[in-house]
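Below are two complexes that have chain A in common, paired first with chain B and then with chain C.
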Partner chain A sequence: MNVLITPAMVGQVIISGLLSGVLYGMVALGLALIFGVMRIINVAHGPLLMLGAYTTFFLYSAFGLNPYLTVPVSMAVLFVVGVLLERTLVFRVVDAPELSSLLLTFGISIALVNAAQLAFTSDLRAVEFLTGSWILGPFAFSKSRVIAFVFAAALTAGAFVFLKSTRLGKAIRATSQSREVAMVCGIDVGAIHRLTFGLASALAAAGGALIAVIVAIQPEMGQIWTFKSFLVIVLGGAGNYPGALLGGMLLGLVEQLASLFLTTQLSEVVAYVLLVLVLLVRPTGLLGGRQT
Partner chain B sequence: MKRLAPVLLVLALIALAFYPAVGTGYGLRAMLQVFMWIALAGSWNLISGLTGYVSFGHVAFFGAGAYTAAILIASSGWSWPFAALAGGVAAGVLALGIGWPCLRLKGPYFAIAMLGLNEVLRALVSYFEGLTGGGNGLSMPTLDATVPVYYAMGLTAIGVTVGSRLIIGSRFGLRLMTIREDEMAAEAMGIPTFRHKLLAFLLSAIGPGIAGALAARDQGYIEPLSVFPLATTITMIVMTLFGGKGTVWGPVLGATVLFVAQEMVWARYPYIHPLLFGAIIVAVVLAMPRGILGLLQTKYRLPRTI
Partner chain C sequence: MKRPAILAVGITALGVLGASLLASAQGPVRIGASLSLTGTYAKLGKNQHEGYQLCQKDLNAKGGILGRKVEFVVYDDQSMPPTGVRLYEKLITEDKVDAVMGPYSSPITEAVANVTEKYKKVMVSPLAATTSIFKKEPRRKYIFMVISPAEVYLEGLIDMAAKRGLKTVVIVNEDTLFSKAAAAGAADLAKKKGMQVVFQEAYPKGNTDFSALLTKIKATNPDVIAAATYFDDAVAMTRQMRELNVNPKMYGVTVGGDLPEFYDTLKGNAEYIYGATQWEPVLSYPGNKEWFEAYKAEFKHEPSYHSAAGYAGCVIYAEGVKRAGSLEPDKVREALLKLEMRTMFGDYKVDQDGFQLAHKMVTFQWQKEKKIVVWPDDLAQGKVQFPTPAWNAR
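Up next is the complex of A and B:
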């Protein structure tokens, strides 16, 4: 790199990293919820995000809806898809060995991506709604990224309030702490599993809807999001919900710094090295493991 | 049945050994593919079928072997049999590097780390353009070696299958299966689980490394998209699950049956291929976890260890 790196550039990437990090955190919170409550890593999490992105794209291109107004619609659609998936397939592997749940959700993920390729073709699609940037002193902020940050922060905060103070949220946390005890307390664990899967899919859909406004989408976009979300929950500590947010910001920051000091081509490699390092040094995550 | 099986097996091997003398170019190429899938499915079975640790990125070893061999052949002028062995070694080294951090932990870490590995290798290959040709790919000098590559691929498939037979029948294999059934219990019994998992993973990477190198030599030209497709991982998983995971003959059966079905029936509908494979995975996991070999074992009272 022979380009001079100024403090303003570093400030810029730090802010951009934190902006996209909150989005990572929100998507990963969905994966963390399913893992915490059902002890399943949902490999189809990224493809569900992709379906959310396409829902927004079609509502925008067919009906001319403001894409930000479609976020709740995408979330509702994917909530239903998530509940149906849980109800028909995923509940069968909740107590099965890990191999079964990983392979089952992997199979679902392949089928979803291929179905999307057949239905929507592999063409890149873009929601050209909000382009350009806001300039603030030495910094420039892409408008779509700032709004995505605001949405993600609000939704994540909403999810935390829901988990912290509502009866249903408490039931979800109770189930994630101990399924047997939750059952003894009269919680319908099956219903909680369905609700959790639906909520997680809705969070992924919100991510997809917001991403669709930032970059062009295609059916294969999902897989990398499964990986990134997993990396985020490893960083934050598996089963630790606030950790997901911290992990997300850390991943956003590391990716942006890597693109400044190395090259954007290698940002996935850097993320991977980060995963391997964390697994080697502190496998319980930066905030430590399970606490809800 | 028990006395007939070895005789049939020997006859089949003799027929395959003489096949290049009579076979058509298409037939030879199809058999080469069957051998390749047997080697790949059998190798995936060694780590995932035996220990229960799912590898979602086994094609990474195929690609690593292909690139190692192609670079050695194109830039250093190695002859292809040695380059193929080097491909196997390179895949093994890569497996040690990934397995060391990821297999020390129980749980889904290994599976997801493997899911990302493929993308990472593809990015690295594109980045180090000087060595790998980047997106332009890498051409090897032309060489008509279909028949020798046919034998080499056949030997690789036999090697993986015989290796699986030896492993599954040994104490080492039993320990791996103990890890799959209950890792805590395995540890309590004094099995060094990490070392066993790592060794199984190393062994499972060598076959795909060699197969990738041979496939690269056969095609004469490789590029990132052609040697790192997710579809290859999916196919070896489907074949193993369909045939019967954790067995010696399951991957062989699954690879053969699904390859023939693919050529005869689904070749006309390439677009729905992944959808079909996804559906097979879901169906096998839910309805027939021991694959078709499991069904046969129950029906004809065959031993569980074949």
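Up next is the complex of A and C:
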């Protein structure tokens, strides 16, 4: 059963798609960074996002902090968690066959989700801070989603500037291009790996903090974000950083438009069909993958 | 040589006999179940688990079943039907439990019923509300229903809407067994009452973004939105209805809407929302008030109907065993088919398929942080606040 679709409705879902697309892009950028620099698919990316969401929830509910002020705190906390994870576990699998890193991060993911279930219970929690929307003509702009969009856009831009123009950022990109040459040039590759893992976790945490204001959270919220981020970086080109943003926007739009013109159920199918098409036509993703 | 050998055999035989006698006389009746302690249905599955736990405590306080203590063996199926199937297989074949009780939710019950039927185990399934689980070819013989079927969950909402002369209704549902049946029941009833179903769509389990769906719904400008939901989706949909300024005159959900957490999560946005429930503490069933207080004292929070149904299901099973005088599945089955019983949860009486006939569903509305039962008229506590005001007029 379908309704007559008007241009205003299309406009509304394009708005929704772009708003969530940038968020997808930011979260996926974290996954792309780790893949680019360390050649690891971090399955625990989503659960790290979940921890960021809980950090925001607890700061909000315990101290009444404005949840948007907790975004940097969540990022800092998860940066440290990320560095520690790299330091203790992940560094062991950097040069190992791909299966080892998949297994390890999968294990970390299970451990994090179960620890969260024990510590936080599986009750649904919500940061009931900003509900409602701004109405502009026929369009509604969800307040929490618009602010998440602004944060995500700013953080993504910040990450690009950092990678492009700072010494550390250049060192990260150098390591991602060729670890051996970077090492020869005097870059401490181990430190770069830790930094990368920390940064990626911080980006996930920012996503989690922003999502916590949009929807209710629970310990298993993260896994779907691992899948979405993976989809996004394959669409955009694995290890290609601007590609992550493009892939995120594309996924956001495709999901929403497919839900509008087809059904909500088919939107996921459409997203994965798109993935298959991209892999058939451009196996390295839309913007091309990391050079090998 | 000869005599000591015979003696040894004799002693061993006596020992085995003695041990088995002891076991049957004193070992507890072990009742197995898998429940959704984590995953999508965790909130509801945990309440059901607490219902079982309280039942175990109360049964044991009264001397157990057939003079034996009762002990629940519970595993976590993570809200996933395949896991449930594996766990019931394990409970029956490895743990060799004496009896089983149902898991949480229709999809999981549907899956595990194949296992319990295979091993001819009676399974009272307190939280399975989908008709097709019980009305199935080939017939399922050992499964028993406790709550009202999914098809009538939205009956109160549709009935009240029709009485107030509302004409158009939108029906959405999670694409799983129970929600589909609830949506289908609502659609049938709406048509019977002369209302027009202007839009109907399902969404996948775990969906939390309803922007596009609600954009379509908004375009049809319906009088009523009837949503066959579980919990997470009901919360997400309500928040986005406000964001997208979707304003029906009545909006009702099915499962999840009755949990105290629904209001805690949504705060004022939950006001005016209708929900369906199998049970409320205010209903005047025998021992209901006392049970409510005992539950609160035991678990430090209020029960939901999932807790109550879990408890009642366990009590009904125990009554069946008592009347059968045995744990033998075919005898218990006969007793449960004949049983007519009123618990603190309401009435129990099933047809030859174990399908529930007697239990009654009620509809409530969230009013000033409280659930007020508004339908049916003979059980209503208060008046309906109608119509639901627009989001920006609250």
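Remarks
Assume the second predicted complex is superposed on the first by the 287 of 292 C-alpha atoms of A that agree within 3 Å, B and C clash if a C-alpha of one lies under 4 Å from a C-alpha of the other, contacts with A are read in each partner's own complex, and residues count from 1 in each chain.
Methods note: contacts are C-beta pairs under 8 Å (C-beta built on N, C-alpha and C of every residue); 3 or more make two chains touch, one makes a residue touch a chain.
Small disclaimer: the values here were computed from a predicted structure and weren't measured.
Because the two structures share chain A, they can be overlaid on it, and in that overlay chain B clashes with chain C. Of the two partner chains placed around the shared chain by superposition, neither chain B nor chain C is touched by A:65. By the document's definition of touching, neither partner reaches A:14: not chain B, not chain C. Legend: residue contacts after superposition of the two complexes on their common chain; A:183 is shown touching neither chain B nor chain C.
Once the two complexes are overlaid on the shared chain, A:224 sits against chain B and chain C alike. Once chain A of one complex is fitted onto chain A of the other, the partner contacts of A:126 are limited to chain C, with no touch recorded for chain B. After overlaying the two complexes on the shared chain, residue contacts for A:135 are found with chain C alone; chain B is out of touch.
In the superposition on chain A, contact of A:89 is made with chain B only, not with chain C. By the touch criterion stated above, A:146 is placed in contact with neither chain B nor chain C. When the shared chain is aligned, no partner comes close enough to touch A:76: not chain B, not chain C.
With chain A as the common frame, the single stretch of chain B that clashes into chain C is 135-143; none of the other options in 9-17, 135-143, 153-161 or 261-269 do. The interface of chain A with chain B overlaps its interface with chain C at residues 117, 224, 263, 265, 268.
The residues of chain C lying in touch with chain A in their complex are 37-40, 42-43, 46, 175, 197-204, 206-213, 215-216, 219-220, 231-232, 235-236, 239-240, 242-245, 261, 265-267, 269, 391.
Residue ranges on chain A touching chain B, taken from their complex, read 41, 43, 89, 92-93, 97-100, 102-104, 106-115, 117-118, 223-224, 226-227, 230-231, 234, 238, 263, 265-266, 268-269, 271-272, 275-277, 279-280, 283.
Chain B meets chain A in the complex at residues 48, 52-54, 56, 98, 100-102, 104-105, 107-109, 111-113, 115-117, 119-120, 123-124, 126-127, 180, 230, 234, 237, 241, 271-275, 277-282, 285-286, 289.
Residue ranges on chain A touching chain C, taken from their complex, read 1-6, 9, 12-13, 16, 20, 117, 122-126, 128, 131-133, 135, 140, 142-145, 215-216, 218-220, 224, 255-257, 259-260, 263-265, 267-268.
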